[in-house]
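Labels A, B, C and D are assigned to the chains in the order they are written; within every chain, residues are numbered from 1.
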Amino acid sequence: MLTVQLVQEWMKKTNERMQENKAYLTELDQAIGDSDHGINMSRGFREVVNKLEQSAYDDVSTVLKDVAMTLMSKVGGASGPLYGTAFLKLSTALKGKDIVNKEDLAAGLEAAANGIQHRGKSTTGEKTMVDVWVPVVLWWKGQDEINAEGLEKVAKEAMESTKSMEATKGRASYLQAKSVGHIDPGSTSSYYIFKSLAEVLV
Amino acid sequence: MLTVQLVQEWMKKTNERMQENKAYLTELDQAIGDSDHGINMSRGFREVVNKLEQSAYDDVSTVLKDVAMTLMSKVGGASGPLYGTAFLKLSTALKGKDIVNKEDLAAGLEAAANGIQHRGKSTTGEKTMVDVWVPVVLWWKGQDEINAEGLEKVAKEAMESTKSMEATKGRASYLQAKSVGHIDPGSTSSYYIFKSLAEVLV
Amino acid sequence: MKKIINNPSNVMEDMVKGMTLANEEQWIQVEGTNVICRKELSANKVGLVSGGGSGHEPAHAGYVGKGMLDAAVVGEVFTSPTPDQILEAIKSVDQGNGVLLIVKNYTGDVLNFEMAGELAESEGIRVEQVIVNDDIAVKDSDFTIGRRGIAGTVFVHKIAGAKAEQGASLEEVKAAAEKAIEQVRSMGMALTPCTVPDAGKPSFHLAEDEMEIGIGIHGEVGTERKKITSAKDIAVELTNNILEDLSLSAGDEVAVMVNGMGATPEMELYIVNGHVNELLKEKQIDIHQTYVGEFMTSLEMAGFSITLLKVDAELKQLLAYPSEAIAFRA
Amino acid sequence: MKKIINNPSNVMEDMVKGMTLANEEQWIQVEGTNVICRKELSANKVGLVSGGGSGHEPAHAGYVGKGMLDAAVVGEVFTSPTPDQILEAIKSVDQGNGVLLIVKNYTGDVLNFEMAGELAESEGIRVEQVIVNDDIAVKDSDFTIGRRGIAGTVFVHKIAGAKAEQGASLEEVKAAAEKAIEQVRSMGMALTPCTVPDAGKPSFHLAEDEMEIGIGIHGEVGTERKKITSAKDIAVELTNNILEDLSLSAGDEVAVMVNGMGATPEMELYIVNGHVNELLKEKQIDIHQTYVGEFMTSLEMAGFSITLLKVDAELKQLLAYPSEAIAFRA
């Protein structure tokens, strides 16, 4: 079950993780990208938390829309529009829901994952955040009830699976075969998002 | 006694020393100058030797004039015009001499040392090549006969004396007190010139 | 990391401020944004907007001026600017004749400019977009995201800028830009990596005797690591790759750009230019014009790129058309 | 040492060649010399010659063009050119109205240009010489060789160049140059040393957290070694020193130059400019014009210098006068 307060918690925890792992995410991006993913995430989620603290919300959809718009206007790069789109689709899918249950969230996360793929013209196996979002959604849809522990585990495995992939989307694709052997930075920030979600879900 | 052939020998030996010590002279100039003295000397004296090999000479003055003109047009920097002037004055002082004896050389080297000081508006104690040329000339004038071994020794001591001086001329002067503790590069190349002269003098 | 900065997280804002102050006659910073815009637009012109991450200076703000861009959107270091900022730039330069966006081919830039274009169109502004992809170090195929945009972008700015200044329509300006994109190719190399200020560490490590061939402009490693060879060998290798990719042959005419990556002494760029010039003459390719300097950099990376633009009468005329942009006067 | 060169002993010749080839419309290399000269001189003008060691690019050849220098003499790296080369430059530009030599204050430069002047006069050419000494890091006293010439030299080129182009006499051009010299002051700093190619080793060593204040343009150590502080603190320190030395006060008007030493990203130069601008405004000193970029470098040294030129109506008019020199367009 997700509520306004839980979304706020979710974003706070996500932000803490992004701040703690700013250097690590940047290191991952140094290996196969342009050394800014940790910087982008830390800037973006700090602004999200700032924004949410300044406002009062009545429903989950509205707070998620602010998350989306903040990421869109503060992150930049590839991850900004992609995460912006993801949260916007999630927000739209949850419009009008007072209480968000497992099924609602399944539909919302699926819309988000599709949004990323549509925006990024990407699919699974390309060594991007899609390789976390899609398996997580598939697994979630197959569960009978909310399974927080499982969520964290599935997201983590999905993230780790990017290590052996060869990138065909994003900057890492310039490296072709040399991209193999490194975890994708965007998959790692996506893992943090799901890990934080798992912690707040009840 | 100095002859055309001995001047050619002198220049050959000087050149060998400049080539061997190119890195060392440059290091000295790195400490208190602009890292080019060894490069300048190696370029200049290589050209001198090339020039002398291509021509036939009848008298000492003419060969020294070619030394002067070559240094003037190939060295540049501060040392180029100064050494150029020195050898030009030496050449002029020896004009018309078939055989150059100790006294002639005394007069010639004195003219050269004065030429350097005049061109450089410098005097002794300023941590420049003048601090080698002037003591060498003074000592030489005081000798009864040619004393090759003594020449080398005096020049060497003079060079070493620049270590404790504070520069007031040349680039080293920018360093003021920080110039103390380093041997002056131009004094070192001057020492090589006199050391080589000592080896050819008979 | 040795840098002359204040807070590493604020380098972009600090820079945009100091930049605008350096050119108050020509530029304004659009309030509340990191958009640098011409103070006075030429009347009734198609608007021209470019931009991207910072760290590539003088790109893109240095190309804002009469005869080139109308506005440049400055992103965080190596990070594409966001749609809202790009939208502000579009709104600042639109005079009812539409706006052309010149975008370097990176996922981030393409996505953010695309979204900004959609937002602008929803506000009734006509927007077109061209994507520059001149870097032949990256293979262009259906299975990749295509070649990157690097220094050749500057030629596209110049060509489109001149065309727009001459009063052409949005379609005509776009066509001229696309023609330039068709005919421009680049390739780069590096002796050293660079350090994103807020990352604090260099993007890769190279030994004293190593260089990277085929680098981009974001501190990425290149396509090949090699022992350093002579300026001549490197210049010939890069130029030959470009000649082949562009299928240039005797009698063709080109504009040449030798671009420093940020820390390369001009001396070295000129040495490289000597060899590029020699090789082109040998192949009987006419050199219409040569540009040597820093046009599209990668912070303090040492290295250079070579760009060739195949020119015809139209492109020559557009290249020569007056420009008042501080980083590309004509 | 990582450099894009061929034989380290030939960098200067290789560069002069590549440089001339980059600007064949405007320049020729005087045969058998390392003199870069305007292809077509403006008729009946006083000739203007400058030069010095190489490694300071774009200085001085980049300032050869209509409205600035007529010829630049290029020496070996950090080594003044020789009198015979300077003489060739003088002869190439003299049109019977005399020639002004603009010389940076270093023993080598002064001696070689002086001798060239003497040679030229013995051939019946009128020659005058001005000595630029803008670097306040060096104390000027009767017991020293005086301040060094650094980036302020570029303003002297511009002022003298405009005056000559306007048809002034040798005396008038010299007077304008001397006025600029009177009113220009600079000071520099470095984060890294530089390496003379043929020396192969850096000129000094600095720790990761150290900088040198008061450096020259030949890889010399500076007057003070310090911990690196913020861009703001450094900019304020250098600017304040200059303000004091020039005795500038509220109401005075200046041209500002923030000059990169070779490896400094433009981003950092613009950040510095923001602080210089702020400080001057605070002190109510009017900023007439700002120049940010690489004007007088020291190979691949990282660092910058600040130059202030106090301007009056005459200097402003001369600064604004058209220049076609590739490194200083006006």
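Keep this in mind: a contact is a pair of C-beta atoms (placed from the backbone, for glycine too) under 8 Å apart; a residue touches a chain by one contact, two chains touch by 3 or more.
Predicted model, so just to flag it, every value in this text is computed and none were measured.
Asks: Kindly list the shared contact partners of chain C and chain D, in label order.
Replies: The common neighbours do not exist; no chain touches both.
Asks: Shared touching chains for chain A and chain B?
Replies: Looking at chain B and chain A together, no chain touches each of them.
Asks: What is the distance in Å between the mean C-alpha positions of chain B and chain D?
Replies: 32
Asks: Give, as an integer number of Å, the spacing between the C-alpha centres of chain D and chain A.
Replies: 54
Asks: Any chance you could list the residues of chain C touching two or more other chains?
Replies: Within chain C, no residue contacts more than one other chain.
Asks: In graph terms, nodes being chains and edges touches, is this line, ring, star, complete or other?
Replies: Graph shape, chains as nodes and touching pairs as edges: a line.
Asks: By the touch definition up top, name every chain pair that qualifies.
Replies: Here the touching chain pairs work out to A-C, B-D, C-D.
Asks: Write out the stretch or stretches of chain C touching chain D in their complex.
Replies: So the residues of chain C touching chain D come out as 1-6, 11, 14-19, 21-23, 54-55, 57-58, 62, 191-192, 208, 211, 228, 230-232, 234, 258, 262-275, 277, 290-292, 294, 297, 299-300, 302-304, 329.
Asks: Touching chain A in the complex: which residues of chain C?
Replies: My answer: residues 9, 53, 75-85, 106-108, 111-112, 115, 138-139, 143-145, 148, 196, 198-201, 203-204, 216, 218-221, 223.
Asks: Contact residues on chain A for chain C in the complex?
Replies: For chain A paired with chain C, touching residues are 23, 26-27, 30, 33-36, 38-40, 43, 72-82, 119-120, 168-171, 173-176, 178.
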